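The structures considered in this document are given below.
Same chain, two partners: subunit A is paired with subunit B first, then with subunit C.
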Partner chain A sequence: MKLFIRYLNLMVVTIFILIVLSFFLPFLFPGDLLTNISGIVAQSADQRTALEQVYKLDQSIFHQFIFYIESLLNSNWGVSTNDQSNLYQEVSLAFPATLELVGYALLVSIIIGIPIGFISGLKNHNPFDFSVVTFSMVGYSFPVFWLALIFITIFCLQLEWLPISGRIDLLFDVPVETGFILLDIARSDIPNKPDAYLDALHHLILPTASVAIVTTALFIRFTRRSIMDVMDKGYIIAAKSRGFTQRQIFFKHGLKNALLPILPILALQISTLITNVMIIETIFSWPGIGRWLIQAIYQQDYPAIRIGMLIVSLFVMAMTITIEFITRAMNPARERAESAAV
Partner chain B sequence: MALLDIKNLTLYIDIGGDTVKALDKVNLQLDEGEIRALVGESGSGKSLAVRCIIGAIPEYWSIKADRITYQGQDLLNMSYEQRRQIMRREIAVVFQEPTSSLDPSVTIGEQLEESIPPELIKRGWFWQQNKQRKRIAISLIHRVGIKDHDQYLKAYPHEIPIDVSQKIMIAMALASEPKILIADDSTRGMESTTKTQILRLLEKLNKTKKLAILFVSHDLLAITSVAHSMTVLYCGQTVESGKVKSLLKRPLHPYTKALLDSAPSFQLSLPTKSPLIALGGTIPTLQHLPAGCRLGPRCPNARKECVIVPPPRSIQDHTYSCHFPLHVPEKIAKRAPKLSRGLGADD
Partner chain C sequence: MQRFNLYQEEYHPSPLVNIWIEFRRSHIALAGFVLLVLFVVITILAPIIAPFDPYLQNTNAILLPPAWEPNGSAIHLLGTDGLGRDVFSRLLYACRITFGSSLVIVAVSVLIGVGLGALAGVLSGVRSSVINHLLDSIMSIPTLLIAIIIVAILGTGLTNAMLAITLALIPQFVHQTRTFVRNELQKDYVLLDRLDGASSPRIFIYSILPGMVELIVVQATIALSVAIIDISALGFLNLAAQDPLIELGLTLSQGLEVAYVAPWLIILPGLCIFLMILSVNIVGEGLRSALRNRLHH
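After this line comes the complex of A and B, so read on.
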């Protein structure tokens, strides 16, 4: 419980700092401050004064900050400079698409990476282990954007197995509700649902694969190293000397101790994963937050950049702290270190 | 018959493409109901010998031995499963660092209950079995002299003091009701009251349960107070073995004598302010092992014959491996091997 409050506190403070930073961003952007904040180019002096009053630019910076927090909480995130579209709606459309991609890539990496890492770490220095190490090294070394382009060349252009871009064929008119394509299909009432699922999955394969290969390779390497270290530990030798079965030793003593040190490392990989997903979104025209943000940067859409960066950094931070918290809560030995350090 | 019988155990360790004999023809016997001490300085291969007995050896080690038997069963050539069964029920080990030998992520109670073999649990529903397990665990912990079972059974290994975890290690070893207990340097680095407690505990177990104990240590005082017989190791070679009394009274090997002399408590006649007796030099590293008797470069009695490994010789049940034992200076000429013939026969 004490631990939970500690982490909650950490989270709140970090969120506050992020909000402060994002509040000061428009002051640093080039151009008119009012346009940077509101997204509207004032056409007349009257409109300008009206806008200044709305955004409290005529009052102290403290009032402006309070207003900023209020509007963030009221999901009144302003409008885009380019097309005056509501940023809150745009983000709530784009963000689930990114989450979807991140989630599937993470799932694939965990399901494939961790068991393979365990297998090759437990029976190390045999042909299987060597090939796993080699392939994970190769997989880890691929630049994501290059891998995606190669995939497109092979599977889309040469073999014509998979679609190049988008989340679903335009033929399927799926109304957007949650933003997660598979959920949306389930909730919609279009006539040919199985085909729609199949099509959406087809669209998912390549982006997920290109992100997941790098992450999987990383997970394999971490897991393998960790289980190798753990299996050399004194308590494993002691367990062997007590004549426990291999299965008993691995599941009772090896698994948990091997996973505990790698969980925080995996949590750190989430930011890398999101960066990769943003690149992949651009390549595959996946309508996610990464592509949206890069578009905004191209068009110097400052209100959009501000909100986009805030949302992405909030997400990364929340994920990292949550996983850290879970690891801490699971690991009994960490408590002592914690009370010793500050 | 010896409970545990090891003859000419040689352990090869691969150190970066080079193979060294970390143990060279070690002989060890443990009789039923006896406490045998395995003595030697740090780095003499005591713990390696223990790991060979329990079979927890990495891939880059290889073992050659004339025999390693437990009650006449060959431990080296039996199947993995058979060996596991023997380790499960018959032989128990207490390792030298109790804190690293306990799983840090599982409570003491769970680990203790895990080491109770299923055969000792009466049949019943699983909650009845769990209850039995808990009862056995508590009685085990009482047996090793810990009264406060509630506090320790729920604790994690890092939350308990070292001496308690050492006792818990002993309790876990006793859980399977073994015939042999191997205590690998169990009293290292402990303060003397705790050490005495653990020694008394081992002695009591030996007397009441007829438990044979292999007591691995370099603590001569502890050994002489509990052990019946001892085997002295130097640098992976068995130097001398026999009853503790006869070894103390009359060491035959120069190393044993030096070892006993180095502990001032055995020398009542030591005058004040006289220098302590110690062999010159240090124990050689694995990369630079001398040929023949490994004590050679440090031995006060060494001659050129010592580059050949001396075969073990016995006087009754007192065995030693030395060309020039301390009791027979006049027979040196007769017994020493001819250099020209013997050189190179044993590499």
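After this line comes the complex of A and C, so read on.
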């Protein structure tokens, strides 16, 4: 309980710091402050004064900050400088798309990476282990954008197996409700659902694979190292001398103790994962927050950058702190997160 | 004259030589090392090695394929790009910018990170989980996000991208240094120094730093591979180096325009980035296992 309050406190403080940072961003961006905050280029002096009054620019910075927090909570996130579109709607459409990609990539990496890491760590220095180590070394050296381009050249242009871009064929008229494409298909009432699912999955394969290969390679390395360290420990030798089989030792002692230290390291990888997903989105025209942010920077759409930055960093932060809390709760002996060693 | 000798070896290798002996036992690590040295040589000597001026446009040979293709030419070893510029020379210059700027990024973040970490470790009293967690939090902001914010404030450019990546890399050095210094300060040899009247900066520089160098070098190799990935990714997204500069990620994104007719223009720069990162990672891994094994003996 005490731990929970400490982490809750930490979470609140970090969120507050991030909001303060994002509040001061428009002051640092080049150009007109009013436009940077509101997204509207004032056409006349009257409109300007009116806007200034709305955003409390005529009052003290404290009032402005209070107004900023209020509008954040009321999901009144302002409009984009370019097309005056509502930022709240834009983000709530783009963010689930990113989450979807992150989720699938993470799922694939965990399902493939962790068991392989265990197997090769338990039987190290045999051919299987050697090839796994080689694969993971090569896999995590791949620049993710190049990998994606090579996948596109092979599977889309040469073999024509998979689609290049987007989330689903435009022929399927799926109404956007949740932003998660598979959920949207399930909730919609279009005639040929199985085809739609298949098409959406086809679109998912390449982006997920490009991100997941790098992440899987990292997971394999962490897991392998961790289980190798654990299997050298005294209690494993003690268990061996008591006559347990290798199987029993692994499932009773090895698994848990090897998984605990890698959890926080995996949490630190979320930021790498998000960066990779954001790059992949721009390549595959995946309508997620990364592509949206990068478009915003090309068009110098400062209100959009501010909100997008806030949302993504809040998400990453919340994930990291939550995972850290879970690890601490499961393993009270842990002092603090060990820094990542690949 | 035969001399009595208790030890079998006359020669006691220094720790550094020990690491090298361990390191070269792995052939893969050695190969990675050779590759890394090659990139360092390219970084220093690119203008001398390059057969052509990287900006020279040969309008008679536009989109020439590499020499091993049927209609390639041996004059342009790796072919030419859409403006008739020699790809081999351009790649050499691009490696130079990418690798060189990554080295600068890592050097700066090591200096700042270790400095701050030492300060945070030596100064007692500020020990609170808040600072530690705050560092963790900064570490968890994606690099691309920091880069986007910095580019939004300062504009695009190689220097700004380097600044962003440096900012993203510093916390991990602070973290490592801080933890290491905290642990060492508990030990007796530091207490001995302290009883001798050594000041905190002196203890850090003469007693703790020498033991920390290896840790920093290993951490720096990880940081170097991250820096290379990030700088080329930002270049690829047109957020880092801009056109007159030749950078691997940027070259890759320029090759995208003619990818249908000239696939080698995206394969070759990507291959360079990949080999660069791979060599850094292999050397880093080799160093880590060499250090581990040396401690075992």
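The criterion applied here is as follows: the second predicted complex is superposed on the first by the 333 of 342 C-alpha atoms of A that agree within 3 Å, B and C clash if a C-alpha of one lies under 4 Å from a C-alpha of the other, contacts with A are read in each partner's own complex, and residues count from 1 in each chain.
Note that in this section contacts are C-beta pairs under 8 Å (C-beta built on N, C-alpha and C of every residue); 3 or more make two chains touch, one makes a residue touch a chain.
Please read these numbers as outputs of a predicted model, since none were measured by experiment.
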Partner chain in contact with A:N331 - subunit B first, subunit C second, else both or neither: first
Partner chain in contact with A:K252 - subunit B first, subunit C second, else both or neither: first
First, second, both or neither for A:P96, with subunit B first and subunit C second: neither
Residues of subunit A touched, compared between subunit B and subunit C (which is higher): C
Which of subunit B and subunit C A:I274 touches, first, second, both or neither: second
Contacts of A:A238 with subunit B and subunit C, given as first, second, both or neither: first
Shared subunit A surface residues [contacts with subunit B and with subunit C]: 336
Residues of subunit C that touch subunit A when the two form their complex: 129-130, 132-134, 136-137, 139-145, 148-149, 151-153, 155, 172, 175-176, 179, 222, 225, 229-230, 232-233, 236-239, 249, 252, 256, 259-260, 263, 266-267, 270, 273-274, 277-278, 281-282, 284-285, 288
Subunit A to subunit C touching residues, read off their complex: 6, 10, 13-14, 25, 28-30, 137-138, 140-146, 149-150, 153, 157, 267-268, 270-272, 274-275, 278-279, 282, 290, 293-294, 297-298, 300, 302, 305, 309, 312-313, 316-317, 320-321, 324, 336-337, 339-342
Of subunit B, residues touching subunit A in the complex: 51, 54-56, 58-59, 84-89, 91-93, 95, 97, 100-106, 114-115, 156-159, 169, 172-173, 176
Subunit B-facing residues of subunit A, complex: 125, 232-235, 237-245, 248, 252-253, 256-257, 260, 331-333, 336
